[in-house]
Amino acid sequence: MNRKGRHSSKEEINRNLKDFKGHSLIPERDIEDPPILEITNLGIDFGGLTAVNDFNMALGRTEIAGLIGPNGAGKTTIFNLLTKVYQPTRGTFLLDGKDTKGMNTIKINRAGIARTFQNIRLFDKLTVEENVKVGLHHEINYSLLSGMFRTPAYRDGEKDAHEHALDLLSIFDMTHLADAPAGSLPYGAQRRLEIIRALATNPKVLLLDEPAAGMNPSETAELMETIQDIRDRFQIAILLIEHDMNLVMGICEAIAVLNYGQIIAKGTPSEIQSNSLVIEAYLGKQKEV
Amino acid sequence: MKKNLKNKLKNMTSYRKKSVLAYSIVILAFIIITIFDTLGFVTNSLYGQLVPICVYISLAVSLNLVVGISGELSLGHAGFMSIGAFAGVIASTVLQESVVVAMPRLFIAILVGGIIAGIAGVLIGIPVLRLRGDYLAIVTLAFGEIIRNVLNCIYIGMDEAGLRIATSAEKLGLDPINGKMILNGPMGATGIQKLATFTSGFILVLFTLFIVQNLINSKQGRAIMATRDNRIAAESIGLNVTNFKLTAFVTSAALAGMAGALFALNYSTVAPVKFNFNTSILILVFVVLGGMGNIVGSIISAAILTILPEALREFSDYRMLIYAIVLILVMLATNNLTFRAFIDKYIGKITRFLRPKKRNPDFPQKEEV
Amino acid sequence: MTFLTYLTSGLGLGSVYAIIALGYTMVYGIAKMLNFAHGDVIMVGAYIAFYSTSSFGLPAWLSVIVAMAFCTLLGIIIERLAYKPLRGATSLAVLITAIGVSYFLQNAALLAWGSAPKVFTSLFAKIESFKFFDGQLVISPETIFTVLACIIIMLVLTFFTAKTKMGKSMRAVSEDNGAAQLMGINVNSTISMTFAIGSALAAVAGVLLCSSYPTLMPTTGAMPGIKAFTAAVFGGIGSIPGAMIGGLVLGIIEIFARAYVSTELSDAIVFGVLIIVLLVKPTGLLGKKIHEKV
């Protein structure tokens, strides 16, 4: 319903769209709608050191985009900026047309950005199902007192939450693990659970920080399919950081390459693969003989 | 029917099973002690301990909510207990004429104790919970000491004109004939009418269990535990971390206040010094020994450690020394990997042997559900 | 003139707090733990000094050295047995263990030396008070020597951490434990060394404290310990000048609160100051801000 941007001015959208259309970065199917995420000139310094500078990007409503670059390029810093773990030194970004200036991590999640972490951050002592239910927190409708005194509202809320959690777990075929403590899961399953927990908060944008890290090729292939399924089913935008080029080239519709905190290239997978700047960033400059 | 029940139990989450176990233990203990009492098996010294046992169980369970479930070390639990104690005594004394029957007066006094301690919990919790870790612990300690210091300087009396509050006995200007001193500075409350009974203590324990366990099983409880396990992740999924820590802290303070009120109304005099840092540590020992986050453990360790010193009177000099050693050993045993591996190797064998082969080792007795 | 008298006794008390706070701050900076038992090491030091003079007839200066040696050993043993096995455990677990150690020391002292208070003979009993302004301002030798001791200790420690090899490795461990280990620094012995220094300082503090306030009981160290921790936090934990400033400020506040407000409320006022400082500046006056990596 609210697909048209509410707060950004028409001119702004048109300008952005023109820009993005020109680069043909936003997929055809999303081009009619204003982008879900519009990042303009985002930058952050850490005590004089510029970690990210002049970062510009737009994300279509159902786009899958990739953020790649060598280690230390500032990829995770961008995720931290988008989730307000850090407040930007310069620039800002619009989420669904709304300026996010002054928001904190909690508000940004409620506004529609959810993420996973490079170094997995689950609630280890809670079960798999409870981890998902914590993500569903704001969906469950009953008060503190009704929980303390076990009113019918509590029972209904918990029943719905249970069903909803199992439904989400079925995305990755994890329902049989519902009662296991999250900390006891194998590495790959923990990564998947983090994605489910993020999805439980009903986001518009999902940020995945190295979702395939530590997975074997067949697991990665499965993950690629699931990421696309998630996009299709929930109709959300996904931005991912990944070192596995098969995954990035296989499912991303647009890719931004970062080096030393700057975007050095933007484009479709095939454009990126043949970009000399990208090859240089990854492999170093070819020595002249 | 039987199968139905079995299925129902099977479908319960582990938290639910543990809470059923907790209720069962408390109810069973109450029934056994009541039967023993009517048969005349309960000695005077044990009888005198029954209300304190209930009070300490409630305190341990409520402190576990902060230390075990919310993961913050509070060293000022006795402070909330004392606020509840004196608020309860004042309420009970004021209502002496209007509410003549003991039980409802006790009920109101406990409620007042809980509410006032809960308010103190909000006032203290809001600044304290902005801090983390060791800093938070030391500030709760500071608040506990401040409460005791301030209570030492408060004099409250009652006469025809109503309640009077002052900073010294002279300033109170109490009517020398009809006036009644309720709170006498460092001497504390004197001439308390003893209202507490074992039954009321039992009900308080049940109520504490009810609130704490239901909270743990609710969405707020999950959020509290999530915040404990990973603060950054909790914020990333939109949970207001401070709010949930405050929920646990205030609930715990209110329950401690209720326990404090019952405690004070079990004696004829209670002085603020009773609620010093040592008492806070004692409750912490119950929680740590019973297992942080383990409600059943808190109940058992609070009960045993309250009875034990009476039973082993000749060792009373060594009691606190033994507590100290136990505290250290439990922390080493639960947190040191080599130590834990050693224990798993030897004690694990025994517990595995003792456990039934069926699923759900902590399965409660069917009859008591 | 009474103001000046209060100020000097405030400085005296503050210097004791500062010496204790130095022990807290060094251990916290390096082992990242709140050594709750530090206050009770003070009490043990005072008892050792007391018995070396009263039972063995040692001269005062020698009793201080005996107390320092004993406490150094005690500090190392505590660290080895109770804290070292918990390296890497949660701060909650370490803090509870430290509380256990504190309780152990208090109750062991109670069994060994009884609960009856001992009257501690001042180290400086033979020295006369210093009189200024025709006897209007009298400063006790305890105050003078305590302040002097505090200044000397502070200077020596600053030199030690800045210039010596051991001091440098302490700073390295406090900065980044893992990196220090990779650079070939023996982290365990550095931490032991820190405990040793902190505990020796605690013995000095115990003797100085009991010289000014002669009642010695198993709980003597608890309150000054907590207040000195307050001082360390006030100044910014991990910072040596911070501990000094925090200790002096806190001592002066306490004496003034006792003199001008109320004796009963003086502790409440001291703790109130701690709470306000932590709320306004959660890492203390000279403390560093710590970021958690995401």
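Each chain gets a letter, A, B and C, in the order it is written, and its residues are counted from 1.
Note that contacts are C-beta pairs under 8 Å (C-beta built on N, C-alpha and C of every residue); 3 or more make two chains touch, one makes a residue touch a chain.
Because the structure is predicted, anything quoted here is derived from the model rather than measured.
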Outermost chain relative to chain C, judged by CA means, is A
Chain with Cα centroid nearest the overall Cα mean is chain B
Cα centroid separation, chain B vs chain C, in Å, comes to 33
Here the gap between chain A and chain C, centre to centre from mean Cα coordinates and rounded to Å, is 50
Provide the C-alpha centroid distance between chain A and chain B, rounded to the nearest whole angstrom. 44
Among all residues of chain C, those touching at least two other chains are 294
Among the residues of chain B, which are close enough to touch at least two other chains? 232
Where in chain A do residues touch two or more of the other chains? 85, 117
Quick check on the complex: what are the chain B residues that touch chain A? 13-14, 211, 214-215, 217-223, 225-226, 228-230, 232-241, 247, 293
Per the touch rule above, chain C residues touching chain B in the complex are 33-34, 82, 85-86, 89-97, 99-104, 106-108, 110-111, 222, 226, 229-230, 233, 262, 264-265, 267-268, 271-272, 274-275, 278-279, 282, 292, 294
So in the complex, which bits of chain A are touching chain B? 83, 85, 104-106, 109-110, 114-115, 117, 121-127, 130-131, 133-135, 137-138, 140, 142, 144, 147-150, 154, 157-158, 161, 179, 197-198, 200-201
Note which residues of chain B are touching chain C in the complex, please. 67, 71, 73, 75, 127, 130-131, 133-135, 137-139, 141-143, 145-146, 149-150, 152-153, 186, 232, 277, 281, 284, 288, 292, 317-318, 320-321, 323-328, 331-332, 334-336, 338-339
